[in-house]
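Lettered A, B and C in written order, each chain numbered from 1.
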Amino acid sequence: MSSPLLQVKGLTKAFGKVVTAREIDLDFEAGVLTSIIGPNGAGKSTFINMMSGSLSADAGAITFDGHDVTRLPIHARVGMGLCRSFQVVNVFPGLTVFENVEIPTLVNRRRAARFFSPRAKETQVRDQALEVLNLVGLGHRTEVKASELSHGDQRLLEVAIAMAARPKLLFLDEPTAGMNPVERVDILKHIRRISNQGSTTFVIVEHDMDIVFSLSDRVVVLHRGDVICDGPPSVVQCDEQVRECYLGQEVM
Amino acid sequence: MITNKAYMAFGLLLAGLVVLGLAGDRFLLYISMRIMILAIFALGFDILFGRTGLLSFGHGAFYAGGAYGVALCYMHLAKDPLLCLLAGVLLATGLALVIGFFCVRHTEIYFAMLTLAFGMMVFSLIWNLREITGGDDGLVGVGRQAINLGLFKIPLRKESEFYFLVLAFFTGAIWVAHRIRTSPFGLILAGIRENDRRTEFAGVNIRNYRLAAFVISGAMAGLAGGLGVLLESNATPHISHWSHSSDPVLVGLIGGLNTLAGPLVGSLVFVGLKELVMRFTTYWMLFFGVVLLIILLGFRGGVVGTLVQRLAGRREVRS
Amino acid sequence: MLQSIVHVCLAGLSQGMFIWLVASGLTLIFGVLGVLNFAHGSFYMLGAYFCFMVLRALGENFWWGLLLGPVCVAAVGYLVERFFLRRVYGLELPYQLLLTFAFVLLFDDLVKIFWGAASIGTPPAPGLADSIMILGRRFPSYNLFVIAVGPLLALGLWGLLEKTWAGRIIRASSSDREMASALGVKVPTLFTAVFVFGTWLGALGGGLAVPYLGLLTPGMGEQIIIEAFVVAVIGGLGSLKGAFLGALVIGLLSAFGTRFLPTFDMFLTFILMAGVLLWRPQGFFGEAR
């Protein structure tokens, strides 16, 4: 019996009187592509922030890969393989595309602290970074400054930076926000393919329902800090409570 | 190809400096040494400000740490210049480690304010602990003994002799700065400047990296201060004052931030202009104020950045 | 002993009031514009020199100088904001900081060019030239006047910010710039107005310092700007209330320090500043970032 990759128990967070997470219990198994959905204010952002370490929980415990990470700082969690991407473009604008990906790769290969040897000598890092860039389709634009990329390409780069850390579990925060439909389909294909390879488990936080249901193995619905539904897409789609609080709102 | 050209340029620069050392008169050598010492200060500072994006207003404290370290070592412990310099750099590094430990908890304006506060603490100690530091008189009479290598001695007393020691350290500082800039660590620092949150999410303990950049720049400031005291033969408290801490900032801006050549060009322009302006008028600060305004409003890349832009613009015409 | 403590307190209070005047403008400008103005100490210095110039021109009467001098400096502040500072609002903080620093260099030398590098002795204020007995020791009555002016000015500022339309706009834009602009406030105009007003406050401090110091020196701005930084940081950058109380604390601390711990009084000031920055970076009255 293997324990889940990420285990959340009794996670609670309140801002003043607003409870954004109420004793959430969730397990994430390796290899299962999970989506977390919910209307605005459901607590999705709070959840992802607590997982990645930007916010500390008021109560509860987070266990990742067998280690208690509840109190660990961001960089330590990333070091263990728990990463995230961002909803808004969050790249290194003044650096080249290659350097953008090189940074997490250097950290991943434990080369970041080398202060007296040329980066050019790190061939393994270069290959690994190029591999990730090829994966998202930016392999031919390595020497372009990130700030000169189109918005869609910057989003791809964002995902590439997150991937380059070789995470075991990667939270993608609205990975398709601001993309055109073609790019959207493209990146989802990439995500599905990488997920099937099995080295990285994805958890996607979205509010776009279509994406979620076509892609996921499992859907978790949050509403005002509670998990109101959790199951395969087909089950969640038919759930009364979900329709009421979430789909109903969409229709309106 | 560009790197080869850069290596050639630095080779030529060093060759020129060697020739200057053999042929130049005392005044020219003195000015050149001041430029090189300031460049060492600014090279280290650029790792913190230009590369990592942290503006310190307290690096005069580390310069002073090096200077007073050398002077105190010379007076109380040992007279060998290399030992004195070692003591000075160690003192500055220790100071930078302690002060940096606190300062890197903040960024931007709060970092600048913290470094200012700590820098002024060091200033107030130097000013007030008269028994140790000589107070406002400073420490005077630091001589340049010969370096004793057992079999033979390297004399440093004359300007033309000491010049080559400064040149050696200057070359070393350029080399160190170059290695750091092209290293993985150097890229992480640039990442912190560009987007510190993202760097943290790449798995970097950004506080430690900032501290490392802080300590490196502090150590190089200490080396500059130590060489400075050997050159001038005295250490005065004003070198730890915040108004002296602004020198490497100005040098960096004039030369160009986050470039290797920037601090070198900036130091040349800074010292050269100051000497030149002071021949005609005592109001060199007015002059620098105007230069600073022009740079800030029109040429934020500094001399090097502007040149690079011009060259790049000529090569490929872009929108 | 009591006499000594009272007099040290009085000296500290009057010193604190000057710092308050400079810090109030500094913190007001930071609160609204987000710019930490290194040149603010120079405006203090210019305030003193302009005051001196006017009082020379108008028959050695200090009060005319105090009235008109700071207004002239405010005009200088207008030029600085309108033609220089405005161009760097969009840039990173270091550039803004360094732009104001350029003016420190400029003004320091300009003052030397116009008034000479040597110190200038100044006449006392008419009507307040003598001193009065407090607990058997003389205390300059002008210093008492300064101690009274500080709180009055604080009260005036408070009234301006809390009770007037202009004050509401300033407060709104200092907490949320976009909100202010959404409310129809012309942000550039507001910035200029606040900068000019802040400059005037600093210059007023300089003008008031003329009889107090009895001596004008070209470097006088550099000392006080650092103290004003300390005070603004301790009180919380952007908080006037904090600046007022911070100025009292620093004034008293340095007065007692000078009297009882002369070796470490400057050290104490800066360790207090660093301590506040580390322990409570938003200061005692600033809002959390």
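Convention: contacts are C-beta pairs under 8 Å (C-beta built on N, C-alpha and C of every residue); 3 or more make two chains touch, one makes a residue touch a chain.
Remember, predicted model here, so these are calculated numbers, not experimental data.
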Target subunit C, source subunit A, minimum contact steps: 2
Centroid comparison with subunit B (C-alpha atoms), farthest chain: A
Centrality ranking, top chain (CA atoms only): B
Chain centre separation (subunit A, subunit C; CA means) in Å: 50
Separation of mean Cα positions, subunit C and subunit B [Å, integer]: 33
Inter-chain centre distance, subunit A versus subunit B - centres from mean C-alpha coordinates, in Å: 43
Touching residues (chain side subunit B, partner subunit A) in the complex: 179-180, 182-188, 190-191, 193-195, 197-206, 212
Complex contacts: residues of subunit B adjacent to subunit C: 49, 55, 102, 105-106, 108-110, 112-114, 116-118, 120-121, 123-125, 127-129, 242-243, 246, 249, 253, 282-286, 288-290, 292-293, 296-297, 300
Subunit C residues touching subunit B - in the complex, by the definition given at the top: 36, 84, 87-88, 91, 93-95, 97-99, 101-106, 108-110, 112-113, 117, 222, 226, 229-230, 233, 237, 262-264, 266-267, 270-271, 273-274, 277-278, 281
In the complex with subunit B, residue positions of subunit A that touch it: 52, 73-76, 78-79, 83-84, 86, 90-95, 99, 102-104, 106-108, 111-120, 122, 125, 161-162, 164-165
